[in-house]
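Look at the two complexes coming up: chain A is in both, with chain B in one and chain C in the other.
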Partner chain A sequence: MGGAVAPPMQRNMTDKSRRDFLQKSAQGMAVAATGGLIWSFLVRQEAKANPAAIRPPGALVEADFNATCIKCGQCVRACPYDTLDLATAGQDIPIGTPYFFPRDIPCYMCPDIPCKVACPTGALRADLSDIADSRMGLAVIDMENCLSWQGLRCEVCHRECPLRDKAIGIETHPRQISKHAMFVPIVHSDACTGCGICEKACPTEKAAIRVVPAELVQGKIGEHYRLGWKIDTPITQEFKPADDRPAAQDDAAPGEAPGLDYLNEGSF
Partner chain B sequence: MSTSTQRLGPNGKPVRPFVMPDTLSGKLKVWRFIIYRRIVQFTVLLLFLGSVHWGWSVFDKPLLVGTLSSSEFLGVIPMADPFAVLQMFFTGHVLNAEVVIGALIILGFYAILGGRTFCSWVCPINPVTDLAAWLRKRLGFGPACNLNRNTRMIVLALALVLSAITGVAAFEWISPISMLHRELIFGIGLGLTAVLGIFLFDLFIVRNGWCGHICPLGAFYSVVGRVAGLLQVHFDGPTCTHCGECAKVCPEPQVLNLKKAAATGRVEPGDCTNCGRCIPVCPEDTLHFDWRPLLKNKTQTTEATDRRAA
Partner chain C sequence: MSITRRDFMKSTVAASAAAAVGIPISQIAKAEVAEAEKDWQWDKAVCRFCGVGCGIMCATKDGRIVATKGDPDAPVNRGLNCIKGYFNGKILYGKDRLTQPLMRMTDGKFDKQGKFAPVTWDQAFDEMEKQFRRAHGELGPAGVSIIGSGQYTVQEGYVAAKFMKAGVRSNNIDPNARHCMASAVAAFIQTFGIDEPSGNYDDIEYTDTAVLWGANMAECHPILWSRITDRKLSHPDMKLVNLSTFGNMSSSVADLEIIFKPNTDLAIQNYIAREIVHRDAVNWDFVNKHCVFATGPYDIGYGMRNTDKFAHDAEKDIQAKENAVVLDEAEAVAQRRKAGETVEQKNAGGAGKHWQISYDDFKTAVEPYTLDFVAELSKGDPDESLDDFKVKLKQLADWFIDDQRKLVSFWTMGFNQHQRGTWVNEQCYMNHLLLGKQAQPGNGAFSLTGQPSACGTAREVGTFAHRLPADMVVANPKHRERSEKLWKLPAKTINPKVGSHIVKIMRDLEDGNIKFAWVQVNNPFQATANANHWIEAARKSDNFIVCSDPYPTVSAKVADLILPSAMIFEKWGAYGNAERRTQMWREQVPPPGQARSDVWQVLEFSKRFTVKDFWGEQKLPGLKADGFEDGKLPDVIAAARDMGYSPDDNMYKVLFATPANTKVAWPDPVAKGHDNHTVVALGENWFPEKALFEEYAEFGRGHEHDLAPFDVYYRDDVRGLKWPVVDGKETPWRFNGEYDPYVPKGEKFAFYGKALKAIPKGNLDGVTDPNKTAHTDKAKIFFRPYAAPVEQPDKNYDLWYCTGRVLEHWHTGTMTRRVPELHRAVPTATLFMHPADAQSRNMQRKDVVWIESRRGKIKAVLETQGRDRMPKGYVFLPFFDEGVFANKIALDATCPISKETDYKKCAVKVYKA
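This part shows the complex of A and B:
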């Protein structure tokens, strides 16, 4: 097709309308982008995980939980102990999401987990079948204010713990120069569900045992520490887990010198 | 009124203004859809409240547990806000089947009832914005600034894009609708300040500002209604005198394109919220609710003739 040139007047008009259009759309996009930035700032601010929010049993990790919780409150209604509440706007817990304060009402660990059953979205994991496998948080003890750690015979948390001796154990601890030992509670993270019954039961003015999200307080030793008295894998000079090491070479030719590690070999 | 100033409509009949009846029964008749809507809005809220707080149940099954975001009816039928679920889908998370089925049920429900029927008949913000609009009219405020009605489509698109970017359902996290409804049922918090914000915005800044220009949930349902709305306001073209009374009360007057309506026999679906305000104020009885004749084979013209003959 040949280039059909528009008369100058018309071309000016189309130029003007095109410029108008481009300007308008640029402005529109700028407004939308600004609005989007403010909006996403608001949302990110709101969705920032509150370090202290304790979630119902089976809750996904905070970011996934925030994405999948539809804020319907069916878990709140399903809880027979009125443990759960939905965060209101302005609270420092992500808006509309369920949480509980164990010191007020803890989770009583219903074996049928009605809150999880009620959750329509899977924000509370549907595959959680044993309430003892839930990890709502981790109980931590403030030794400076724990009565047992002062040498008194309290141990209320230990006796109240629904997973007694698994989640909270009692150990003896020397009491300075006295010949009487202290009986101190110790929390074991491999069993503690974070239900908060201990926090509720703690008789001190402010609870000396509290449930907090595990990631806030729990450290990690690291793979390279080999606690030989605790693990059953053989200690070697290579700081690798046993299954990472290459298979032992048995096919060394007879008469050949053994490896440098021969001193460690049992046959020496 | 003298006959010399009497305007004639395009159908040759004199244009009559709408006159509010003097009698209470006449007034109630004019207000009937507003009354019905308040009853439905209040009942929906009450069902949620009663089931959550007073243990309302039928056959030992809790009646309606949850919120408008997601709920369960009689312990079996899941329901969910399809727009909320769509946003959560955009965050890239896999949801349980229950909430997806619930969203499809509600989507189907409003596809049949007309998408934005939710807005006028169920949404808890509607009484707030209706009050603001009524007050604005009484106080005679002019527009403080202009806002394109398609802004809501951009907000709708933004809600989905931001859900993908931030990883959480972007509108659900700031939605004053969810906030108000949730806090009415589960306890009052600062969410009511957002509702106050909408009220003031509608009252002082833009007429029908929130529902008519910004709300992405309304935009979502207007898309649904455009595709499939079955309950619509029927428009009996030949009787219309273009008096304009309907457009005066309509919160979305762009749907009352009378030429288009005369051609199609119905008010334009999509943005129409099926609030029914236009129906009783029409002095010619041109407008009434009707099921989109999907199941009937009658054409609009024969229907109109039938109506005139009746």
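This part shows the complex of A and C:
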């Protein structure tokens, strides 16, 4: 029965023509780019490359990717969901390179990763074998506009996440003003691939969960510290002194002891 | 809204403090209203979707809903909504909203094979009347039908039921609630003699154990799930058990997840009962005073057709089991019979009969259900060890039996959509009653409802084939007499023969026994299992299908005439939720185009028929009842004349615009300026929704179903009331002397329902003394055995198949799929499968696959990750998506007592498309 709503997106139901057109025009740009004027234009474009571009699975780090991608469009052609596009002039993305906007069409995480298979240069890493290991970006939540963070029972992102409970988990908190719990989604960067299915599915007017390149948003705690409740490292039972202990500083020259400057100079 | 984060934090703290001392939250959170919103008008309403019954507020401007919010003062949801509820304001505005009647036409005339074309309401009703008269003339009252709804407003259900039962004298009105709650109803009536739960949602905050039996509350009762989770967060000893046939979202908060094989919940319940007996944990004070033991026949069939006349070849092996079954090993043990024995299903026609047994009989009956037997039979995840599973079952029994522990059982479709749905519901009461954990705050077996007014309308109004308002039934002469009196009908107007339930209406269409069906507020041609049969029957037979709906649904497409209906906020109405809370709303905005309320449609159609059309002698094949000639309804026209009716009086005047009702004037101050398009379209000056509500309420007042006066529900300080409302007070816990005015003074408990209280005596094999004893004020503790599912995976169809809901979509998706955001969130139904099952079939996630059963095949996208975690050998497919027609392949076996379809288990194979 045909309904009023769009049929489900299925991998053997895609329309190739639009993609072919985009691809050809982008290839045309790449070919023309050997000429002087356009070449410099393109170089400028690359120099201003938008670090927010979301790349196909297995893409090398942005600089290496831009250096390795030959803009052939094979990955775009291989994607069964029409997810990928090649950047065109006017976008803040190097012309001819593949990217996607998850809110339009996310990466559906094909187990056989056809885009990567199609890549002739390794710009999409050939050794990516499990799509769950890809890192296209990182989902981040706008807590102020996320319905679940306000207490509504939404959590669409969590239920739609192909790596539910690994990439997006739910934490429950009491809601202070009534006898209802809050179910707040939390993204776990160790598992989030940046596929963007959450961003696509988010039912708010503007997505309250979005995929961005991890380096734009992800912090890092100091190497010198470990979160005690997250990593269990029990007290070492048999302590082995280091072989290469620092030598005692008996032979320090008089007058060069650390701290003397501070102790001896200045007034109170 | 300009409200700073600090203000918000402050108001949250203030609201928290206010809530603690009982001040309405809405009076605390006074955010500054933006200039643009100053002329928005807010009014209270109810969420359109599930049976939880969340209160919402609607804002309107210039005849449109511009916003909604969760009602902060609604005790159910305190301002919250789920993601469906969040979109209440958008469901009215789908692009393909129907605004005029559409009829299949060729050359300007109705033609069943024609194309839909717009017609006027007059043309629509003219053809409808003609077709109704044709079916009625040929087949009598049994040849016409209404397929109703658990989403009817109270008034819609009431006018449809009264039109059919009092006017047409046909009991062929049955709601989609049959697919949803019928097993719960049958068990309530058989156990307590009265329908609907004893407790209320506050049980959640009083209990310290919640056991889910086939209820994925996390998705299907989202806001109650917030309350259960909050209880778990705030009460350290709270335990939560999720019993399910696969790992669903509700497992995430559970302390114990028990994955069992389909139908073995019957065995698990009996294991708990056996433990109660063996550990000497029966609460004898409670049981002796308030309960009797009972059982019934086991050979009751599976609610399928008993003939293979219409079965396709592939269906015949399963259909044959309706008449005789060979017992498997487990059934043999469970029923104390021999494996391999062929059992004729002799009681398929009398599945509901039951008799009293002794406690010794009960003990003997539960004896086979040892931990070893039940664990072996019921373990549903092949990857779980039997020992681990036994530990879980034992833990469950421990929590049940712990006398320091309060315990609530919750269930919905896992129990209700079950080939032994009535049994498994009754087993739940069995354990709660044995332990005396029933009808007290925090203690009780609580049947959750699926639809927004399955309780308030389908059940309380009685839009079922066997029911009358306020728990009365057509088969009971005293109930007919009382109804005839209240409805001012001549004696013997009401038809005593139970009509066709919804599945049978479909079968009757196929048989040619029904030739007119009017679909109201539901989508039965997508929602009924084994759908290919019914779609073919509707399209290819000599019948006429009318579908009233706001949107072009599968059922509309199947129909011959489509009537455009007003939606929830475009009409006056009332819904009753799962905790007996009746809530009302006003018409907020006008319906679009020529769309009209279902109340108007029934009232207007009733004008076309007179007393002499229906109240003369009518043939009724199969009717046998005391005081009635076989096969006939008597002529009551003369008696009607004595009551002042003329044979030419139309049914509108006789049934609806009665002298009493027309005194209830419109306009009415309760409207506070709100409109009523039903009144305008009728061209009247009486207020049908109010008059008919008051008329209906008379059935229940003084009869354990008291509703408050209409106007009370519209008071600004009222957020629905839990019936019975006696002397202005709601009843939080029924059957409990502390709370329920119907419990005789001085009694702690009284299960005072009046139905089926007098039963014969017998033993486990049958009745020994047919003399009936009345067990007034007592509940029955039923023994019900394990029975194997009628269709199970085999070499060819090697997987279990189950259908159900997702949080984002409501039922068949006709409203939620028209909300772009919800459609984007979950655009299509995907088939959930264990990754190893996919691998062994050379498939991977996102493949398009065929799902094939004996009844047909459908295509879906495969998913092995994400939302649901399937055990090996088991697949799940949501039914909201008409593009992935889940019910085409589902089996139409039903509980033989309740006639509710089992959508949760049949056999399929899955292969790459």
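Assume the second predicted complex is superposed on the first by the 185 of 268 C-alpha atoms of A that agree within 3 Å, B and C clash if a C-alpha of one lies under 4 Å from a C-alpha of the other, contacts with A are read in each partner's own complex, and residues count from 1 in each chain.
Just so it is clear, a contact is a pair of C-beta atoms (placed from the backbone, for glycine too) under 8 Å apart; a residue touches a chain by one contact, two chains touch by 3 or more.
None of the values given here were measured: they were computed from a predicted structure.
Colleague: Can A:Gly151 be said to touch chain B (first), chain C (second), both, or neither?
Modeller: A:Gly151 contacts chain C only, not chain B.
Colleague: Once the shared chain is lined up, is A:Gln91 touching chain B (first), chain C (second), both, or neither of them?
Modeller: first
Colleague: If we overlay the two complexes on their shared chain A, which of chain B and chain C does A:Val76 touch? Say first, second, both or neither.
Modeller: In the superposed model, A:Val76 contacts chain B only, not chain C.
Colleague: Please determine whether it is chain B or chain C that touches the greater number of chain A residues.
Modeller: The partner that reaches more residues of chain A in the superposed model: C.
Colleague: A:Ala67 contacts which: chain B (first), chain C (second), both, neither?
Modeller: Once the two structures are laid over each other on A, A:Ala67 reaches chain B alone.
Colleague: Of the partners chain B and chain C, which touch A:Leu227 in the superposed model: first, second, both, neither?
Modeller: neither
Colleague: Touch test for A:Pro120: chain B only (first), chain C only (second), both, or neither?
Modeller: So A:Pro120 only meets chain B here.
Colleague: What part of chain A is in contact with chain C in the complex they form?
Modeller: 1, 3-12, 108-112, 144, 147, 151-156, 159-165, 170, 172-183, 200-205
Colleague: Going by the contact rule set out above, which residues of chain C touch chain A in the complex?
Modeller: Residue positions touching the partner: 5, 12-13, 15-16, 19, 25, 70, 77-83, 85-87, 94-96, 204-205, 219, 222-223, 225-227, 229-234, 249, 252-253, 551-552, 554, 557, 806-808, 813, 817-818, 821-829, 844-848, 861, 863, 865-867, 881-885.
Colleague: Can you name the residues of chain A that touch chain B in the complex?
Modeller: 28, 32, 35-36, 39-40, 42-44, 46-47, 63-64, 66-68, 70-74, 76-78, 85-91, 94-96, 118-122, 126
Colleague: Applying the document's contact rule, which stretches of chain B touch chain A when the two form their complex?
Modeller: 51-52, 62, 65-67, 69-72, 78, 80-81, 84-85, 88, 91-96, 98-99, 102, 154-155, 158, 161-162, 165-170, 172-174, 178-179, 182-183, 185-191, 193-194
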